[in-house]
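Each chain gets a letter, A, B and C, in the order it is written, and its residues are counted from 1.
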Amino acid sequence: MDNIQKKLQTKSKATFQDYFGKGICYLCIGMIILLVTCILYFIASKGIATFTKDKVNVFDFLTKTNWNPGATDSHGRPDVGALPMIVTSFSVTLLAAVLATPFALGVAIFMSEFSSKGGSKILQPVIELLVGIPSVVYGFIGLSVVVPFIRGIFGGTGFGILSGTLVLFVMILPTITSLSVDSLRAVPMYYREASLALGATRWQTIYKVILRAAIPGLLTAIIFGMARAFGEALAVQMVIGNAALMPTSLVSPASTLTSKLTTDIGNTVMGTLPNNALWSLALILLLMSLFLNLLVKFIGKRGRF
Amino acid sequence: MKQYNLNDSYITEIPGKRALSTKDLQVYYGDNHAIFDANLIFPRFQITSLIGASGSGKSTFLRCLNRMNDKIAKVDGQILYRNVDINSDKINVYEVRQHIGMVFQRPNPFAKSIKENITFALKNAGITKKDALEERLESSLKSAALWDEVKDNLSKSALALSGGQQQRLCIARSIAMRPDILLLDEPASALDPISTSKIEDTLNDLKKDYTIIIVTHNLQQASRISDYTAFFHLGHVIEYNTTAHVFTNPKMQATEDYVSGNFG
Amino acid sequence: MNAKKMDHLATGIIYFLVGVVILLLVAILSYILFNGVPDISWKFLTSAAQSFSAGGGIRDQLFNSLYLLLLTIIVSLPIGLGAGIYLAEYSTDNWFTDLIRTSVEVLSSLPSVVVGLFGYLVFVIKLNLGFSILSGAIALTFFNLPLLTRNIEESLRSVPNLQREAGMSLGLSHWKTTTKIVLPAALPGILTGLILSAGRIFGEAAALIYTAGQSAPTVDYTNWNIFSATSFLNPMRPAETLAVHIWKVNTESVTPDAKLISSASSAVLIIVILIFNLGARYLGNKLYKKITATK
């Protein structure tokens, strides 16, 4: 057997380079999977402790309206009703999404259907910049502009769901917009040409053809916006008032899941009921974000061109 | 398109030394059977053309010869090179590719300088002495008829060259590895006539040191440059003979129809 | 209403909506910049923060933000590269790839406060790292990883397959082809993505409050021994970042000039992020031109 024949049948440096490279990749992938598993496990195990260790009834936790984990009620059970936070979180999220969607859609339609290059060339970087503004800056603007403004109009403190909604509206606007633009642009060009060739006006084309074709993508955009709103902590915490009360109006101080967590986790002792109850709030947040994630996947599977 | 009996074929005997041969080669893309029982023997230091219509399997076949289809298709059967079946799982494919080089349909130089394009793989293969590298650089560029055009700016980016020059650089890059066999997959299809004729001249010169197998759908090109021609149709090798025979005296009806321009 | 009128009306409404959004953007940016920039001075950038009196600066916070950013990139870039390379070059369509993709998606959708709490629980308390830059950097890695992984995968995928085939056909290993040929060609995209994600990390606060902590102890900028407790490079010290500082002075602090500090700090934050954004674009373009040899 000559030298070349032997070389053809034995492993070389290149073979080991590939083993090495694959090994490194698997290591990195393993890290990511480990991180995800860890975070799911720790949050879940901590969050469940309220119900397993401290024997709080899950149903009570989700429906009672008194949050005062340090104290007990007349039956000797701890006061951990998370409903006010859950309601507030959902309210600000939904209201912000309802408010932001028309604006985001308007801008997205403008960018993908109206403007010659110029318009979107200016808007694109601006939208990207808006996505990049840190949430504390939004919170600071909320605190120094929105809250006094609301106070001036409605009286009271100015803190509350309305202020939270307005701040979140601005925060999720760029998220929804940029994802909507992507999904509108993904509608094939011949859809537009076919519709216009049939004599439809531009608006008819947009409304009856393009928006309809892009519905899965637009829904995804809105859900991502809602996920951002639901999980946002500091900006909301700075303007919502942080009172764990059932909101009575849009301008009364309230507290979201995230703001309660941010405010209280440093003031409770690990392992005690007040602390565990907060972890249960975190678990709700986690489950909600997983749920929205699933929803996006589901929509993505159903709506492909 | 006319129906031909695909199992009927004419394969000539190859006299003299053989460089590479395939035995019952089958290729599957998923459930799609793309090459059926290809049995070909490639003579040493000759140019063999693979011709056939689009989708006939000629490129697929060529890519199997240095295992470039590993990740894309399932390849069964034997490919014999130096009496070793290089289609076996145990074979070191990187070593195979150092002996059986390939040039592609479109020029694909690396985003590096002209010099690095040639020397990068050499260094990786263990040739690190400066004068050895210089020698290979010059000789391979000369063989590819590119030396005179680029010798003054070897550190220029390869992407700044014209399409034809890029393709000749790719040929130089392959022969710098001093392979036994050079596979070319329609190397001139993206080029203008002048660049094409330069490449054909280059191949003619290279023939004395290399066994060349070229896929082309330019029949004139095949008849101009090759010694042997294999005609592929729908995944079957229909006819394999000297180029003169294939073009002037085809044995099979399908071959005759194809070379006289009735389909393809 | 006929179709033509409807078309005009809809067009009008859309122009109105776009106008409002643009106005909003301009208002926000000019509010931050007009209120903040006049208060930015060399002294503000280079003096320490004050807890109870006016006139404090943001020297330590600014440094902490940058240092944390650097550490985060050091921790997350290698992992992101490995995962991105796997997804772009090695993965096949199977359950394992699905698992990886789902994991990356889950990571990217986690609310930052949840990540912060997790970091607090595991790194600060269980692993006993305390409030430290290291804990903060690991927490931020959770955000950065999905962004980086996706960006690296996309950049690698956008490199034409012909480049891979060129490398492979010369007998290079798949790994060498990837690292020496495909990766350099994908560098402009990767770099742009890296800098943009750096901008996001720079402004992150919720995940840091309970990991990197809310205090900026006085450090000695001449002490280069990273194991010394007073060294500015010590990764085990607590480090309040600029974004956390803004939150802190607005919610819990008694500093008399809280408003001035927050508006100036916000302006600094925005300006830095703006520089990141523009820089990413500029560098990406420049590198792309250099690689493809276009003028």
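Operating definition for what follows: a residue touches a chain if its C-beta (ideal position, glycine included) is under 8 Å from a C-beta of that chain, and two chains touch if they have at least 3 such contacts.
As the structure is a prediction and not an experimental result, all values here were calculated from the model.
A.B. asks: Listed by label, which chains are in contact with chain B and with chain C?
C.D. replies: Under the touch definition, chain B and chain C have A as mutual neighbours.
A.B. asks: Report the pair of chains linked by the most C-beta pairs in contact.
C.D. replies: Answer by contact count: the chains A-C.
A.B. asks: Taking the mean of all protein CA atoms as the centre, name the chain whose own CA mean is closest to it.
C.D. replies: Closest chain centre to the overall C-alpha centroid: C.
A.B. asks: With centres defined as the mean of C-alpha atoms, identify the chain lying farthest from chain B.
C.D. replies: A
A.B. asks: Roughly how far is chain B from chain C, centre to centre by C-alpha average, rounded to an integer in Å?
C.D. replies: Roughly 48 Å, centre to centre.
A.B. asks: CA centre of chain A versus CA centre of chain B: separation in Å?
C.D. replies: The computed centroid separation for chain A versus chain B comes out at 54 Å.
A.B. asks: Can you compute the centre-to-centre distance for chain A and chain C, using the mean CA position of each chain? Integer Å is fine.
C.D. replies: Centre-to-centre distance between chain A and chain C: 17 Å.
A.B. asks: Chain C: which residues touch two or more other chains?
C.D. replies: Chain C, residues with two or more chain partners: 171-173, 176.
A.B. asks: What are the residues of chain A that contact at least two other chains?
C.D. replies: Those would be 13-15.
A.B. asks: Which residues belonging to chain B are in contact with no fewer than two other chains?
C.D. replies: In chain B, residues 94-96 touch at least two other chains, as defined above.
A.B. asks: Which stretch or stretches of chain C touch chain B in the complex?
C.D. replies: 160, 162-163, 165-173, 176, 180-181, 184-185, 291-293
A.B. asks: Residues of chain B touching chain C in their complex?
C.D. replies: It comes out as residues 66, 68, 94-98, 101-102, 104, 106, 108-112, 120-121, 124-125, 156-160, 170, 173-174, 177.
A.B. asks: Okay, in this complex, where on chain B does chain A touch?
C.D. replies: Result: residues 81-84, 86, 90-92, 94-96, 99, 126 of chain B touch chain A.
A.B. asks: Mind pulling up the chain A residues that touch chain B in the complex?
C.D. replies: Going through chain A, the ones touching chain B are 2, 4-5, 7-15.
A.B. asks: Chain C touches which residues of chain A in the complex?
C.D. replies: 13-15, 17-18, 20-22, 24-29, 31-33, 35-36, 38-40, 42-43, 46, 102-103, 105-107, 109-110, 114, 123, 125-126, 128-130, 132-137, 139-141, 143-145, 170, 173, 177, 200-204, 206-207, 227, 230-234, 237-238, 258, 261-262, 265-266, 270, 279, 282, 285-286, 289-290, 292-293, 297
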